[in-house]
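Dumping the structure here so I can ask a few things about it.
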Amino acid sequence: MTIDSTVLATLEKQAIELPSWAFGNSGTRFKVFGTPGTPRTIQEKLSDAAKVNELTGLAPQVALHIPWDKVDDYAALRDYAANLKVSLGTVNSNTFQDDIYKFGSLTHTDAAVRQKAIDHHFECIDIMGETGSRDLKIWLADGTNYPGQGDIRGRQDRLAESLEKIYAHLGDDQRLVLEYKFFEPAFYHTDVPDWGTSYAQVSALGDKALVCLDTGHHAPGTNIEFIVAQLLRLGKLGSFDFNSRFYADDDLIVGAADPFQLFRILYEVVRGGGLDDDSPVAFMLDQCHNVEDKIPGQIRSVLNVQEMTARALLVDRDALLTAQNAGDVLGANGILMDAFYTDVRGDLAEWRESRGLPADPMAAYAASGYQEQIAAERVGGQQAGWGA
Amino acid sequence: MTIDSTVLATLEKQAIELPSWAFGNSGTRFKVFGTPGTPRTIQEKLSDAAKVNELTGLAPQVALHIPWDKVDDYAALRDYAANLKVSLGTVNSNTFQDDIYKFGSLTHTDAAVRQKAIDHHFECIDIMGETGSRDLKIWLADGTNYPGQGDIRGRQDRLAESLEKIYAHLGDDQRLVLEYKFFEPAFYHTDVPDWGTSYAQVSALGDKALVCLDTGHHAPGTNIEFIVAQLLRLGKLGSFDFNSRFYADDDLIVGAADPFQLFRILYEVVRGGGLDDDSPVAFMLDQCHNVEDKIPGQIRSVLNVQEMTARALLVDRDALLTAQNAGDVLGANGILMDAFYTDVRGDLAEWRESRGLPADPMAAYAASGYQEQIAAERVGGQQAGWGA
Amino acid sequence: MTIDSTVLATLEKQAIELPSWAFGNSGTRFKVFGTPGTPRTIQEKLSDAAKVNELTGLAPQVALHIPWDKVDDYAALRDYAANLKVSLGTVNSNTFQDDIYKFGSLTHTDAAVRQKAIDHHFECIDIMGETGSRDLKIWLADGTNYPGQGDIRGRQDRLAESLEKIYAHLGDDQRLVLEYKFFEPAFYHTDVPDWGTSYAQVSALGDKALVCLDTGHHAPGTNIEFIVAQLLRLGKLGSFDFNSRFYADDDLIVGAADPFQLFRILYEVVRGGGLDDDSPVAFMLDQCHNVEDKIPGQIRSVLNVQEMTARALLVDRDALLTAQNAGDVLGANGILMDAFYTDVRGDLAEWRESRGLPADPMAAYAASGYQEQIAAERVGGQQAGWGA
Amino acid sequence: MTIDSTVLATLEKQAIELPSWAFGNSGTRFKVFGTPGTPRTIQEKLSDAAKVNELTGLAPQVALHIPWDKVDDYAALRDYAANLKVSLGTVNSNTFQDDIYKFGSLTHTDAAVRQKAIDHHFECIDIMGETGSRDLKIWLADGTNYPGQGDIRGRQDRLAESLEKIYAHLGDDQRLVLEYKFFEPAFYHTDVPDWGTSYAQVSALGDKALVCLDTGHHAPGTNIEFIVAQLLRLGKLGSFDFNSRFYADDDLIVGAADPFQLFRILYEVVRGGGLDDDSPVAFMLDQCHNVEDKIPGQIRSVLNVQEMTARALLVDRDALLTAQNAGDVLGANGILMDAFYTDVRGDLAEWRESRGLPADPMAAYAASGYQEQIAAERVGGQQAGWGA
């Protein structure tokens, strides 16, 4: 095997959280295509997520989205998940689908609207207490479409105030991770558009507030691995939202658009201690499966992360440092590329089997009959999607 | 007045087609906000469009979208429009909202799906006959999300075949305009992504096929006025879809994001004969009003086009040519900027009044009570939007 | 006059620093075109800069670039400038043209190279003492061209150490401003690529360290006025490098590529107190005049900033706030656009004359005979450029 | 071996032309770093190129740049090359470094300047006759930096006229390939900015005129493999200029920035017949080695092309088509990715050895002593670079 036991030991601990909404229908503003077997409830989403974990051993946690995944009894939901051998993870708030939020939520000029949005986060934190979740993730859709529509500066001040109130509500072992996004759904300005803004805001809050880096949320040409390295250095990288994109926030399968970029990102994670035992970094997917099958889409995604992590761990860091110090540009680049070009798939399949997992989780899923089963069983009701 | 009679004579002939769908609800994949008074029928859309024309004298035609605007009796619809002093214009086809088109329409691998999409265009052409419309506009959402998902080359060949069949169905006085778009809703590849592709495809069809240039459908940094100049030169600029954008296809009010760009585009239109009497160029809006009011949004848009056209017509072209030939960079640029920086709004208001139009159409609309009236009257039913 | 006395009082205090290197030859990697009359010495550059100030009243300070503008006697240079009615301003360091810096300067793996770069900054600070300059501006060309070539994280740590040493050398009334740049001359990673990095680095240093925002140094689509608002809010906006760009770091005349963007930037400056008496923000140009005449290029540039500042000051901020609070998208946008579309040039010309300045500085320069004079006099010697 | 004999048979015919200028010094507008051993003459460049071919068997031809590579006796140069077992290839014209071309060459308003530029191309064609070259490659730096500086439309018309004259001068077996470039050195508009313009211009000329696609010359986010497929379909893809880029026209080693993109490009080449025996497509490198060693940089580059071609040839096209036709998104993507992730390096090394070539050309070069030899021998004189 090319992959040695040290690498395998690290890979063994790898856990990638799945987003509950990846199993629902999604699409573009032009059309959302539905598919047979799509879950109608959070319980069915958990079942699908558990299947991904069962076949890959990589995805023991499921992130919730509130209110999409609201239930009456979270203790029961926790048990339900535990029976499926997964646990409930990050709680994601939603302040972009109520009519009241048309012109903003935590940044709104109206104190009553802001309070409603803050209260929603209090509710999320309360749910976290019941689900045992550590992280509250805030992705803020706030922004404006036209110059002048809003007061950029005032909105930033109000954001700081709102976040302070939410932060104060966190339990001792809970964290707030603030996601940034270059644009969309706002078209002219976004209130948290870049890592600098997220960093400045969470730094003002305290140690339990960190930055969430969504790999699809950057301007064209942005060197994302630089941001990874920088946030790790500053001790403020709280979590990843993995996906990939060719143009905007396309939410494609992680590694699908630019596998070499994913490799470089994971190399900086390794380099910066992001896989160490005491690392604050959480790894999760945040993707849409618009035209591809959802469960295999998630399986493919966690495998992509695993395979690229394996490659990143293969980099001969001593040799690399030597070449870097010597100004040997091609030599240093060659050491990195050697790891990237190494085909780790066979080794990983073998290792997977040695752990009682299928060598080929994609094929195992196809052969499992699960897709046919849910397509047959999940008839009637309202298929889950964004907004349900 | 700064604006002389020659300029006014040109402006007097200016006509900007309104899209029926601009009056319905629109939004992003995250949320569509509704507003009181939104039309439920094509008749109500026509009524709103007629209001824009009444107050501006700039928008005598309304584009239809099939099937959103389908009716049983197009002759009756034509009369209905005529009574409102507007006429029915470009017919826009839609091959992106049926489940069957999930993997393509005119480019689909399955001949039956392609035929269904071709038949839809035949239906559109038949409707054009009844509505008296000249142009069939094809915006194709076809594309793929993942490398390998489709055969890029084969899809292009099938597109050519499908277009040929549609083209053959056109009447003598009818035209086909093929829109291109850089990306979205497809994320990896789009089958008509750039002007070159549209140009190559329509050139293969014949004289009645032309390119439609949507100002929001280009890669970041693209010099759009160059494309305008080039297509005019090649005799293949059929129509404009006006809107503006900061990031992707944001569909903002034309001129809102970069008024200087709109000025440069219109200057090349003037320069290339696009406003001449025999010009093949049709001007229309293609916008979404996600957060702003729809009717005033359309009024603002046609006024923006008018104001920028006036500025473009003010350019001292003789002086400009002299400066260009002399290699006087700052002088030439200064001549262009002088026209752009000239505030034409007062002159246009005065001229508008002299023609029996309100000096300030935005204020006139606000004072008209129309918005309150439709908000009160249009209760119940299904508000129009993308897909209705 | 549209412009009232309050606005004029603010404009009267406006001062835009000129870069000495704007008067030398510049170009692209493909070709640098020379022009008759180009300065051979810093004294000649000062003379040209003084001409810009004489005709506009806007440019009383000249930034130096070390070593390009090194002299033996800075006290004499200070007097020389004073006689021309300008003063010496920001000192710009240069660690990108020595062979030793091929793989980095303040971030280099070799402590000796770092020390050489630090020593260069000590020298700059010493010069600042002699010239009476307040600001040391650091634009760092450090970065890598290939993945793996350098250790991104280690370089950032070394940068922090190097900056700390430089910062410690500053006098009580001196400041360090750290410029960021998205890319170029490095192609894969840049050590200070974004405002977040500059902000994180200067925050670690202390109150005398601030961020320099170069308007040309951002990813495509970046909302620059947001960054302006944010840095003002954080108290860390030290200075502007004004220029404009269509694609990359094109270093065109400020306002030339997107005048509306310049307006929005200056509006946020006004909104955030950047023109207040106690504002920490310094305004300077950083441009290349590759194909246009240099002195008129600088005149045009400072006039553009003045004209857009006037427009930004015309915004009816009370009405804007009211519209914003009311969620009146088109109304708020309209208030902003009204100021932008107002033609202030006539008023400014009149006001200029009232202050003993030429109404039309561009024409006054052309008529002055200065260009012919320097073309005739400055014969022989080595024309200044990047590297001389 | 994973690679079968059919694939090897195709790879055996692969030939990638090297640009003579890759062996000279290059850099950015900020600094050009020199290195020991850099050629002073075209003969020394040929010697270096021959070394690349000797070690890889992939680069039997060298492209010339006129006037950089002008000699008195081309017959002698041809013999010189032949003795080194390489031949002289594409002739590249240069109309961007004479002062007279400051405002354009083939598009200039002054007929005398245009004629000078046309004459230069006549000279290039004459040289092609002597060198036995088939292709004249025109990369036009023409463009403007400021709106209004030039008449975009008029320049396009003049370009067409100039090209017509050059085309008429071609011999029966000679071709003209017209390169396009998104931007740089012009900053506002470029006269041949996109494939559509190049295609429209060469289509007007005739069968011997084709498009040159430089992989680094596109807007951010452009799907380059789509253009490859389209141009092959239209029969107008004449040649590739290979390199890679993260931001603008960075001219990095082909495959260095995005190896998966290179794979997709080469897959479309294979798919579209670009490697067939009668293919009109020429493959060449067009790169700068600013910080890395030049000869190893070229070796690495041709190996990258070879390795990615091998992967592209490994794609199971029958299975792919089946999956595509079935709408199996993940299956189709998986088939493509399987080829991309296959590590072909071992097989290629083995095959290389079987053909009498070094298994590891990079290591073989390092061990050859050639670099030390040229560093020692090439002392004095003027190192070649852009402009020499």
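By letter and in written order, the chains are A, B, C and D; residue numbering begins at 1 in each of them.
The rule we apply is simple: contacts are C-beta pairs under 8 Å (C-beta built on N, C-alpha and C of every residue); 3 or more make two chains touch, one makes a residue touch a chain.
To keep track of the chains, here are their UniProt names: A, B, C, D = L-rhamnose isomerase.
In this text, all values refer to a predicted model and were calculated from it rather than measured experimentally.
Colleague: If I rank B-C and A-B by number of C-beta contact pairs, which comes first?
Modeller: A-B
Colleague: Superposing the C-alpha atoms of chain A on chain D takes a rotation of how many degrees, nearest 5?
Modeller: It is a rotation of 180 degrees, to the nearest 5.
Colleague: Mind checking the centre-to-centre distance between chain B and chain C? Centres are C-alpha means, answer in whole Å.
Modeller: Their C-alpha centroids are separated by 40 Å.
Colleague: How many angstrom lie between the CA centroids of chain A and chain B, rounded to a whole number?
Modeller: 38
Colleague: Residues of chain D that contact two or more other chains, please.
Modeller: Only 102-103, 145-147, 149, 182-183, 188, 220-221, 223, 246-247, 256, 260, 291-292, 329-330, 333-334 qualify.
Colleague: Enumerate the contact residues on chain C facing chain A in the complex.
Modeller: Residue list for chain C touching chain A: 102-103, 109-110, 145-153, 156-157, 182-183, 188-190, 193-197, 199-200, 218-223, 225-227, 229-230, 232-234, 260, 264, 268, 271-272, 320-321, 323-325, 327, 329-330, 332-337.
Colleague: Which part of chain A faces chain D closely enough to touch in the complex?
Modeller: Within the complex, chain A touches chain D at residues 220-221, 223, 246-247, 256, 258-261, 291-293, 296-297, 300, 307, 329-330, 333-334, 340-343, 345, 362.
Colleague: Quick check: in the complex, which residue numbers of chain C touch chain D?
Modeller: 26-34, 96-97, 99, 102-103, 141, 145-147, 149, 182-185, 187-188, 220, 245-248, 250, 252-253, 256-257, 290-292, 386-387
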